[in-house]
Amino acid sequence: STMAESTNMRLRLPLLCIILEVILIILFGALVEYNDDTHAKLWNANKSHSATRDDYENEFYYRYPSFQDVHVMIFVGFGFLMTFLQRYGFSSVGFNFLIAAFSLQWATLMQGFFHGMHHGKIHVGVTSMINADFCTGSVLISFGAVLGKTSPVQLLVMAIFEVTLFAVNEFILLSMLGANDAGGSMTIHTFGAYFGLMVTRVLYRPNLDKSKHRNSSVYHSDLFAMIGTIYLWMFWPSFNSAITNYGDPQHRTALNTYYSLAACTLATFAFSALVNPEGKLDMVHIQNAALAGGVAVGTAGEMMLTPFGSMIVGFLAGTISVLGYKYLTPVLESKLKIQDTCGIHNLHGMPGVLGAVVGAVTSALASPGFTLYYFYDVFADAETGKWNPQSRGGFQAISLAVTLGMALFGGLVTGFILKLPIYGAPPDTHCFEDGLYWEVPGEEEGHELNEVATPNEMEKLNS
Amino acid sequence: STMAESTNMRLRLPLLCIILEVILIILFGALVEYNDDTHAKLWNANKSHSATRDDYENEFYYRYPSFQDVHVMIFVGFGFLMTFLQRYGFSSVGFNFLIAAFSLQWATLMQGFFHGMHHGKIHVGVTSMINADFCTGSVLISFGAVLGKTSPVQLLVMAIFEVTLFAVNEFILLSMLGANDAGGSMTIHTFGAYFGLMVTRVLYRPNLDKSKHRNSSVYHSDLFAMIGTIYLWMFWPSFNSAITNYGDPQHRTALNTYYSLAACTLATFAFSALVNPEGKLDMVHIQNAALAGGVAVGTAGEMMLTPFGSMIVGFLAGTISVLGYKYLTPVLESKLKIQDTCGIHNLHGMPGVLGAVVGAVTSALASPGFTLYYFYDVFADAETGKWNPQSRGGFQAISLAVTLGMALFGGLVTGFILKLPIYGAPPDTHCFEDGLYWEVPGEEEGHELNEVATPNEMEKLNS
Amino acid sequence: STMAESTNMRLRLPLLCIILEVILIILFGALVEYNDDTHAKLWNANKSHSATRDDYENEFYYRYPSFQDVHVMIFVGFGFLMTFLQRYGFSSVGFNFLIAAFSLQWATLMQGFFHGMHHGKIHVGVTSMINADFCTGSVLISFGAVLGKTSPVQLLVMAIFEVTLFAVNEFILLSMLGANDAGGSMTIHTFGAYFGLMVTRVLYRPNLDKSKHRNSSVYHSDLFAMIGTIYLWMFWPSFNSAITNYGDPQHRTALNTYYSLAACTLATFAFSALVNPEGKLDMVHIQNAALAGGVAVGTAGEMMLTPFGSMIVGFLAGTISVLGYKYLTPVLESKLKIQDTCGIHNLHGMPGVLGAVVGAVTSALASPGFTLYYFYDVFADAETGKWNPQSRGGFQAISLAVTLGMALFGGLVTGFILKLPIYGAPPDTHCFEDGLYWEVPGEEEGHELNEVATPNEMEKLNS
């Protein structure tokens, strides 16, 4: 068979990894510098006389715990959530690991470039680490759509393009439109979902049912996936609040997300049982839809949404997510030819759009007398006096439209690039299968103790 | 078969979940408000002129890392600890998830109601989040006693009553008796354990041995359970110190708990090997008894117990816990008809009582000259000058008695309510079985790589 | 068979555990006191008048989140990383748990003794907790070399000696040579690795291939191991920065480690595919070599290494680690008779030495004009004006030599002590086997639902 058809990664993967990393290292050498809080000279220069207190004021102490929670979501949360497939656990955790490690470096450069250089240099610190992890999250959402149907080389190429477009879209929303999206309902979830859905649409495989028998879970793979789910669920309050302004906005965002997720979980269990003829719960729903509440308060969580409002949003998000898995996903596949392995449309797509709409409405409904306090710490122009709730809501809505456009267009182009027959993609007959790209161990020779040692032997050993 | 006998959840579970969540949302809308640290207006109004510093003083930065550790214990710790059963992993993690998500919302209301309303409103922030998680922990302890023998509807009903009584008991102990119990030896562990033991006593199943073959672990289920154990063990210092006063008490509590757990672990391994005829370690002991050291310093950990004292308490707790699993649990089942699936009496019951006694004794033994510093930050009345060690110790002891009474009475009533044949409880023949309430996937069709692709095919693909 | 040959732990393990814990408790009672930040009297005595602010300044709030991340690495990271063996999961997590719980107590005493007593007392608080966990990490690295070939009694005896020598070596490096090694490239990784390699050399088993069929992974055991890997990877920035000075050094260390690990991961995937004839990735490499980047910036991470420098170091570390697994480990076993179960030479040995060298070179290359700011917070003598980059680099290099000497000598002596036939070590035929020391459950009787309930029965139940 020709090179193009082969799935052998021996040259392709090392070559791509090494070239990418060498480019990254060169660009980091040329462009990246410590920021004021990580640079020994600058930090000391900016210190006031009471040195000890100042060290405690380093942003490290106020952002780093949030960063670590986000980091766990990216590597354990996303990685294990996708281990639900019976024979794709190595790839789920492993490729997640690879493309995340690449994306966070590339994102540091792209976001640094767009978010403002300092005398031609990109400044890094814990905030840039969080932002890079956020951008990485978007790539991992798209990974969920093409899970099991792509080679690691394809995934890295997808990450190159998606990270770049993510940074552009984020720049348009946050810097040009002045939108607010601290938890990324739009920038992360909507963008990642529709980008990934368009990619998987372009990569449509008419004969994917040849791998159907592997496109499902087994008992223990579902438990591994629950590790991912629970970590995502627990740390989502940290995710949404990680880069808000300090003080009450950060505190409030965590609180709102906590309640949204709790309400979402009850909705998920309710509708999962309701849509099943025997009233049985479906692990796919519990693993995914219970998280939709975090997605849906990614924009408005920072605002004065109240626990009451958060719970309503969370309940709605869980409901539409379960219904999406049950009724919409099969239609998307059969009618629109969108093969969405993890159902990211239900977990990130629809709840992301819901979150954007909730954010726009919450902004637009702000009452003038209350506005000064309300959005003081949330929207920059609230402070300057130019604040107008309706126009703010309008800009939020425009941001959603821009995000959808960027994602669909970017996914389209990227999809066609990924369609080139040079990446060693798996054949239709061998999707959802670790064995193509991994050394897979054999099975245990025998579980029973007496295959290892006869009871007599064992008795002797223990006497 | 009649509705009452059926285990079909299709109507019951959705109905209950939706009704409960709607009630919660309405009550939150009517009663719950942001507190000073989460409300944009109040936070800004209370700010001094140096705005930036104040934002750093938000309680979020001093409580939230502890909250996240507690959150991990509730959802990963408890959830995975109970996955040890061979075919009950979905239910262990899943029902844990469901009843925790409900309980934390309901607890916010109940605790807010009893711990003092502000002009008719319940104020929420990170401290209320920690307290709600604590109350949830108590429900999950009781879940351990009835694990495998209850439907999710029963569990939600149990949570409604247990959360309510927890809040009442906590109010009596902390507000009326002025007791100290930051890590909840009494309020959480003793209460949750004896409540659950009474419930399982009332729900006694004489024919449970029909499900005996499923009431045990397999190799990988024991490893999943160790995930729960280790997370509980690691984060217990955060649990016990999460709501202490700031400064030295919080620091000291974490330190004492750390040493208690370390000593407990050595006792657990020692006695686990000692009580086994072949000297083999038992996973049940390691998974559970090694945690008893955290339970047993839940009251005194905040006091000047010293690492020395903490290690003695931890060692004792591990010892009685292993001996309880080995010798007491079978007697409780055969003589007292208490079927305690997880052995919560050994992990939470006896160590909780031990912790309460240690707390009372430590309080009573406080030497007057040292008292001012000793309990300055721990007991409110130490500051007012009304402090009397003996009476303080007495109130601590009374608190234990009240807790036991409330738990046993509450468990009795709740048990009879749960006995009604309307909840779809599993029959004796189908306990400890996920298949009743979950869509359980089939097994892998073949592990061997050559069932997926013959070596020839694979070679071709990789050429 | 005689006592000496038996693997029965019934007397040996309990006796050793209880004696050790009793000794620990007595020594803690005699020697250990709360430090200023954990002691109620001292903390209050040192308070300025503005009591509330001071409570926020307790070191607890600035060190404890780092401590918890380190704690997770020690118990989950190391514990699960070693579960890759098919039938040694209980021992990997369990013995890791046991020897870590012992070592952290013993390390508190040993490090307290060497790092300076206060009026004859050892003062404890969160910094001593982190240091004790660090020392424990070193023991767990050595555990990796002898994994599967030792009894728990042997492991505890090894820990007694290794912790003691660790404290001596650490004292020589940090206090006598003034070396800098915040993340422990030398004190933790190099020391633990070469100590363990020497122990396993002395304990060489010529007939270990009798247990060869158990010295490999199965599908799910590799996934459990990935839990360990990912947690180590994510929290390594916290590990390296946990005990640096406050402010910019801590922040910078976390940042440098983050980039080093990301670059290391790409190198690992690249070389893992490259060294495999079919271009397939090897789980052994991904699980281990991807972490080498954290080890290799353990010394220089605190310095002004820059992200650029960190990425180069990480890339090199990943490369040599994969190549070590592929080409060096087999040679070490066949030529030098070093049976290194986990390949700690590749993950901790070589990357540790690389880290030490990078640290020495970075120190030596410091340009004088920049030095004042550069090393102000890193090296104590930078402040006193006695600073000389070349001599500093020299002392760093001497520290590496001392560490290697201490480790090899200590491992040699300890190895011979562990060779005594009194510890119940496993026979060559039963290495890598939980069944010797653990009650291992049987297998599930049948996965299929219809073995539990026939479809008819199930239908009736759900009707």
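Letters A, B and C mark the chains in the order given here, with residues in each chain numbered from 1 onward.
The definition used in the following text is that contacts are C-beta pairs under 8 Å (C-beta built on N, C-alpha and C of every residue); 3 or more make two chains touch, one makes a residue touch a chain.
Computed from a predicted model, the values in this text were never measured in an experiment.
*Asks:* Using only the C-alpha atoms, find the rotation that maps chain A onto chain B and quote its angle between 0 and 180 degrees, to the nearest 5.
*Replies:* 120
*Asks:* Quick check on chain B against chain C: do more than half of the interface residue numbers occur in both copies, making it same, or fewer, making it different?
*Replies:* Counting which numbers both chains contribute, under half are shared, so the two copies meet through different residues.
*Asks:* Distance from the CA centroid of chain B to that of chain C, rounded to the nearest Å?
*Replies:* Chain centroid spacing, chain B to chain C, equals 30 Å.
*Asks:* Counting only residues that touch at least 2 other chains, which ones in chain C make the list?
*Replies:* Where chain C meets two or more other chains at a single residue, that happens at 8, 61, 65, 87, 219-220, 227, 278-280, 440, 442-443, 447, 462.
*Asks:* Could you list, by residue number, the parts of chain C that touch chain B in their complex?
*Replies:* That would be residues 8-14, 17-18, 20-21, 24-25, 28-29, 32-34, 37-41, 43-45, 52, 54-56, 58-61, 64-65, 68, 71-72, 75-76, 79-80, 83, 87, 89-90, 93-94, 97-98, 101-102, 104-105, 124-126, 129, 152, 219-220, 224, 227, 278-280, 437-445, 447-449, 452-453, 458, 460-463 of chain C.
*Asks:* Which chain B residues qualify as touching chain C in the complex?
*Replies:* Going through chain B, the ones touching chain C are 1, 6-8, 57, 61-62, 65, 69, 86-87, 213-214, 216-220, 222-223, 226-227, 230-231, 233-235, 238, 245-252, 254-255, 258-259, 261-263, 265-267, 269-271, 273-274, 276-283, 286, 290, 304, 306-308, 311-312, 315, 370, 373-378, 427, 429-430, 433, 435-436, 440, 442-443, 447, 462.
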